[in-house]
Amino acid sequence: MSQNNSNNEWSRRAFIKAMGLTGAGGALVLSGCGDTDIINAVDIEVRKELVLPSVDPADFVRPGLEVYYASTCRQCPANCDIHVRTREGRALKIEGNPTSSINSGRLCAMGQAGLQAHYNPDRITKPMIRKGGKLVEVTWAEAETMLKKHLGKKNSKLAWLTGATSGHQAVITKAYLDAAGSKNQFVFDTLPPAVGFAANEKMFGHAVPKLDFEKAKLIVSFGADFLGTWMSPVHFGTQYGKFRNAPRGTLVQIEPKMTLTGSNADRWIAIRPGTEGHLALALASLLATDSKYAGNISADVAASLKDVDIDGVSKATDVSIERIHKLRDMLVSHSPSLILSGNSAEGFEHGSQAANAILLLNMMLGNVGETILPRSKPAFPDLQPQLGGWAEMKAFIDGLADGSFDTAVVYGSNPLYQAPNFMEAEKAFAKAKVRIAFSMYPDETTMASDLVLPVHSYLEEWNTSMPAYPVEDGHLSIQQPVMHPVFGEGSTYGYGNIMLGLVSELDATFKNWESYEAYVLDALATMKPALLNPPKETVTGQTPEEGFQQGILAAGFVTIKEAKASAIAAKAVAVDLPKAAKEDAKYAYHLVPSARMGLYDGRHANLPWLQELPDQLASVVWDSWVEIHPKTATKLGLIIGDVVSITSAAGSLNAKVVVFPGIHEGSVSIPLGQGHTEYGRYAKGVGVNPFKILTPQFDKDTGELATHATKVSVVKVANRGKLVTRAHGDLVLESAATSQKGREIVRTVSSEEFDRNEKEG
Amino acid sequence: MSDYSMKNDIEWAKINEDVLASLESPRKAFWVVLGVCFALVLAGAAAEIYQYNNGLGVALMNNPHYWQTYISNFVFWIGMSHSGTLLSAILLLTHADWRKPIYRFAEAMTFFSILTAAIFPIIHIGRVWDMYWILPYPDQRAIWPNFRSPLLWDAFAITTYATSSALFLYIGMIPDLAICRDKAKGWRKKLYTTLSLGWMGRATEWIAFRRTYVLLACFLVPLAVSVHSIVASDFAMSIMPGWHVTSFPPYFVAGALYSGCAAIITLFVLLRYVFKFEAYMTTEIMDKTARLTFAIAMAWNFLNLSEYASIWYSHDMFEHEMLIDKFTGPYAGVVWSMLFCATVVPFAMAFKKVRHNMWAMFWVSLFIQLGMWLERFQIVSPPLASNHEPWTQSVVWPGLIQLTITAASFGWFTMLFLIFCKVFPSVSMYEVKEMVYHRNKHGQKKLQNIDKIKDDMIKTEEGLS
Amino acid sequence: MRRVKTSWALNFGKLLFLLALGFVLPLGAWADDVSNQEQPFDFPHARHAGKFKINCMYCHSGARRSKVAGIPPVAKCIGCHSNIPSVRETPRIKKLFTYWENKEPIPWRKVHDLPDFVEFNHKRHVQRFIFKDGRSTQQTCGMCHGDVKTFSVGRKVKPLTMGWCLSCHEQFQGDSDIGLPTPAKRWMIPAAATDKPLVEMKHPQPAVMDAEHPATMKASEIKKMSNQLPKALKEKFVRAPHDCWQCHK
Amino acid sequence: MSLSRMLENWSDLNKQDYYEDEPIMWGMSIDLNKCTGCGSCVTACYAENNIPTVGKEKCGSGHSMHWLRIERYWDEPEGEADLDIKESEYPERGAHFAPMMCQQCNHAPCEPVCPVAATYHTPDGLNAQVYNRCIGSRYCGTNCPYKVRYFNFFDFQEDIPHPLEMLLNPDLTVRSKGVMEKCTFCVQRLRSAKDAAADEGVRGHVADGAVQTACQQSCPTEAIVFGNLKDDKSKVSESWQSHNVELDRHEQFNEDERGYRIFEELNVEPSVMYLDRVRNTEA
């Protein structure tokens, strides 16, 4: 890597140093390569090292001095704003953008590991075409010819699947599909709670209402892992920090498997999977006895709450009656509160109904308008985030299977990894006449494609995007390349650039822009009047346009002026929950496929930092495991490390046991993210993929896959295998992994004492 | 003066013959044993090269098991070296003349165990090539080593101890080397000529020799005690539960003498058997050695138990748990075997029958040595396993590399010792002659002759001063 | 008998000799290589810094801003040389323009190559000695780089060993210096004694923008600056860091 | 230090507080009320400090190099209120997380035992680890009560697959096999902050907030506060003061306060203060 900034295109680019950040950087040596050699045993050595000076650098680029670029993190749909530290033309560290309303300078593990996604040794560096059943590397010219042959024409049977998308990326994708005459655009992202969004939409009129954690005195979360993977974990993390300031808010988490959020709860309640809605309904009926709360919902809904059998609910949910009453008392005494519904409550056939029941509590308690706030109407609906869901994935696969699509294009999504066995995605995908993948890595879907186009990482390309959970309405994040493409100019291209090329083939209006960069910057420039506080020129001699451009790139995001949000018109919906499911003798255990901060839904399995980040609760690294409650383990005669076979009606897999106290006795949990059959050296062949054994059950209202509804059997197949629990070894003294052994490592005090002390202090 | 069952009428010439016979061309068995030892050394060298190339991780040490058998072996071999000094120097100063037939090989053992021990820091250390930084010497960096570190004291102690014990061994051997010189032919002649430094057996030489020898002995005794105290302070100066024990220095010294005496017994039996030294290494001497060993064993046991007691009554949470883990945890097997070998077995030496049975003593001494090796292991590993921080507590057993190198150290030691036995007289001829003389003095034989020599010596001394 | 003793002495002598050799030979291997490095082409420092008296920091502009002094970008060479037609056709300049036209960096060989675990911060030294103490640029740079204005190709003339660095850092570190501002006497006062501009500007100088450049900074200003410091810090002002982590981390 | 220098200042070597006059003493405070155990800090530390990932095998053999780890316990220490969960078979009060990194002890057990003085105390209160001086005796590691020193048992960074090596931070050394390493409080950042301050003409004073450690910077809940303990106005020293935690104590006598230091009874004077985890007993 030389610090060779000779490329004219490069030097013309308006890279703007982020303002407000200082920090003297420095290199050990002059070399543009930086110097990262292994330390040397010899004291004084004379090495003939090369020093490559720049040819014609931008005036703020100096060897030894770091430059921060503002950009956007694309590691999950939360799209945090980031600052990337670069030196001598290399990105070195990703940090949160302190001015961002989303993450206010903070960044999670997944965001930090974006560097490894960018510098991943398994990135595809050359286009590939399937020849004789095998993918072979070809030149871009050849790939382009093939691309134009298949996509340079109108084709109504073209199906286009992307991961969560937003901003101008979404716009240009849509523009192309419109030009190509196809209506088959699908968006699939595993974790955004599509069922919850639908319920929110129905009740509050906003799919993603604004949540005020800080104001809430009590948060009752039904399986929403807002500190781990739910919507915007970093933002909720910052909110949580404030929520825990004195006077300290109380968090109650109700879920079958303890999530990261659950492990921080003041009271964690293990509940039988699929009965969260029932518990919420029972709470609602207890509240409904007070007209103060019943009055907040329509009379017929309130009337329907009368005949809830608390005893029955207690039995079905495994939550004691005292606990239910205690919860009700807490809801009454802590106002305003905030009731959240998350993936583990919604992943059932009656998921929407459960979400309705949970959100109903918010309405009854009067939280709507207090901690649940409205959104404004978006000024540019095309830029809004599209998060998609399993229903779209299913439509995509079904369409391929029944032949309604002949060309499949996949970008930023990996359906062949995520689709459960029963969807038979491989078969359906193979049916398509042409399969094209825009991809950075050799993942499952890419390796099954006919044409593979290597694309830029998010640190190499221009883009704009909108966060899945915007903190302020109209937040549009800007993404700019922070360095040369890692593998050199001309090896990979931006998705936007390729799309611009494709769409200009079909729609001449797009010929105005020579590159996607120009397109994005132009689009932003035209948006200037619609922006809140657009930046002005900062340096004398700048034109207003230059000043604006510099300003927005330095800020990393713009805020679109939007009409003030009107108050929420909450509409209670009657809840129709099924009777608790009966026991199944063959498949006695609920399977909880748990997402964790780290590997997320499997997209980060190729990042060694995240593979080596121990699971926050089970402390396992580089592996898959099954979490089983100690009592259940005793019943089944299992100890940590034993290999069990987990079988559902749709398939079976083997994994090692972790005896884990934070899981409902009738459930077993397998983390998501592992079990890749492709995806590079770090991910391939590691662990198992619980997506595969999910059974075909769908939410009745939205058609989303009921991810948590699968029931499984657990059979021991082998004795203790090598399971690396805790990051530092698997040879553990009996009690050491769990117990402080009476040593004061983590002390605990009550929140009363805390509040009293903080007040004094 | 007691008799030690040694025949009174051994001719001085016979002594020379008997001892020099041990230097004659080795038998086949010698080559076989030497070959096995050499193979072990080669295996160890291969293991070390593998470890050097790949990193210490291949030896299965980890966090928190930063130290393991390399350190316990180091302590073991340093401990082993104490017996030679004890027998030669302390017994010399206390005029216990039963030491005379056995001190030479004990001293050789001392020196070779130091050589063996000195290898372990080199194997143990992460960057061997920079190891000389531990020595204070002026260099271009203008920095010094850390004088507060017990490891630095170790470096000083070991080099001093190795030098002085080598000198002690060598100087004590000079009169014997002269005897060898007079009898030898070929390359041996050259070697002995060089090494005997022109010893002619003149009275002045004897006077200078005696003075030097006693002076060195005086110097060595406190040195030996301090060396193992310093090795003990490697542990005692740390704050690890189970290491941070005030009684460690005497405990280590006692343990060192204990294992060293056991090693002497082992070699005693072997040499006596192989070289047919029954005339010199008599059962009476074995009896004395065994009694001494038994006494040291009791001292060691006392210190061991008092260590447990002081931990138990300290009411320190960390120490308590470490002690409980030691006896019940994953390393309990090691601790209990150690207690069996080093606490129970030595009681066999309370019986005269055992003390007088060479092969019984052989096995007892082997058990004691095994026990003492395990003792060193249980000093190093279990405290690291149950350290302060529960999250890092884990169990690691030494892997193949460590065991190979451990075995190689025994091979290395034996190899050196075998070569020594064939090159140098393993029984001190002149001191045995002295013993015979002393006994013959009672028999009034050759008395005048000797007295005349004595007179000459006195005269010469006066003349010199 | 005599012969035997000689033999022993001889052997001992041999041993000593071998030991000594063992120490000396590696030292020879570590000895510093101060020979010229094979460079893409010979840059005439003598002409630039000597004859034309171009300030070192004009080209090595990183020295006052960054840890790294930096090799000037090719554009900087071209910036002047495109306006100097007289030497345009010389082989070296032709080669320079070839690099420029191909937009290639010039593959210079590093002359002052410290081990990778050593960090030398140019900025701190330049700020301290040139801007605060008002020493001349060539004198300051010369402390470590030698009298570059007499060189053609740069070469390593100082040992740049740790002990050599410490020879300065020790002199100006200790508590023993506090209260008796020897370093201040030694380094600050001679410069501050005169109220004239500190750099003689006989030849046209490249514009150095920094306000606190010695050319524009007078002794009174330096004094004023040091007076602004809090008292506790002023005493330490002249202290050279004496801490391993300063340079190794 | 040259010999003459050392002899001249012999008395200084034995002075009680050699660094008394130093303007900076770095310290940290970690609020376990806010720490969620998410692990951002762990990854941030990997990214900032060139920490190698070692793979499954070597994690299993205990060779992982995380300078900052998060310990997760399920039980309360002795003598703490059990917060009403004894009867439950579930950990109803959640987990106990403790981010554990080098505590930069002021009576550090690791320092006196290093034979070559590769680890020593810096004037600003850090336990420095000088990699190029380290000979790998590992004595410091065994003597560390927190077990936060990590030894390069292998040459982890020998062949990093291209282009992963490009993300290595050039500000600090990439360690090879045979040397000990540990958390440095991001000394490269502290160094540049101090240099920046010196450029301003104020030697030795770094404004509060001018420098953040990588873990502090990434923490979403702002559980980590870092700064100069000698600056009374800094956030961290305000936190220490308000919780009545004093540096040179092995027992704090602050019964009502939340501040404590792990293993301070060993009298190692750690520079990291932890604040009690909090749970609502009413919930």
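What to note about this one:
Order as written gives the chain letters A, B, C and D; numbering starts at 1 within each chain.
The criterion applied here is as follows: a contact is a pair of C-beta atoms (placed from the backbone, for glycine too) under 8 Å apart; a residue touches a chain by one contact, two chains touch by 3 or more.
Please read all numbers here as calculations on a predicted model, not as lab measurements.
Listed by label, the chains touching chain A and chain B alike are C, D.
When the partners of chain A are compared with those of chain D, the chains appearing in both lists are B, C. With chains reduced to the mean position of their C-alpha atoms, the one farthest from chain D is B.
Chain closest to the overall centre, judged by the mean of its C-alpha atoms against the mean of all protein C-alpha atoms: D. No other pair of chains has as many C-beta pairs in contact as A-D. Here the spacing of chain B and chain D, counted between their Cα centres, is 43 Å.
The distance from the centre of chain B to the centre of chain C, with each centre set as the mean of the Cα atoms, comes to 56 Å. Annotation: 51 Å between the Cα-based centres of chain A and chain C. Between chain C and chain D, the centres computed from C-alpha atoms are 35 Å apart. In chain B, the residues that reach two or more other chains under the touch definition are 62-63, 127, 130, 140-143, 388-392, 394, 396.
Chain C has residues 115-119, 121, 123, 161-162, 166, 170 in contact with two or more other chains. Looking at chain D, one finds that residues 1-2, 61-62, 64, 69, 71, 73, 120, 131-133, 155, 171, 173-174, 179, 195, 199, 263 touch two or more other chains. Taken as a graph of touching chains, this assembly is complete, with every chain in contact with every other. Residues 1-2, 5, 8-9, 12, 21, 23, 120, 122-123, 126, 128, 130-133, 171-174, 184, 187-188, 191, 195, 198-199, 201-205 of chain D are the ones touching chain C in the complex. On the chain A side of its complex with chain B, the touching residues are 41, 43-44, 726, 728-729, 731-733, 736-737, 739-743, 745.
In the complex of the two chains, the chain B residues touching chain D come out as 54-58, 60-67, 121, 124-127, 130-131, 133-134, 138, 142-146, 148-152, 155, 234, 237-240, 243, 384, 387-392, 394, 396. In the complex of the two chains, the chain C residues touching chain D come out as 115-119, 121, 123-124, 127, 132, 166, 170, 174-176, 225, 228-230, 232-233, 236-237, 239, 243-246, 248-249. Residues of chain A that touch chain C in their complex: 2-4, 6-8, 24-32, 35-40, 42-57, 62-65.
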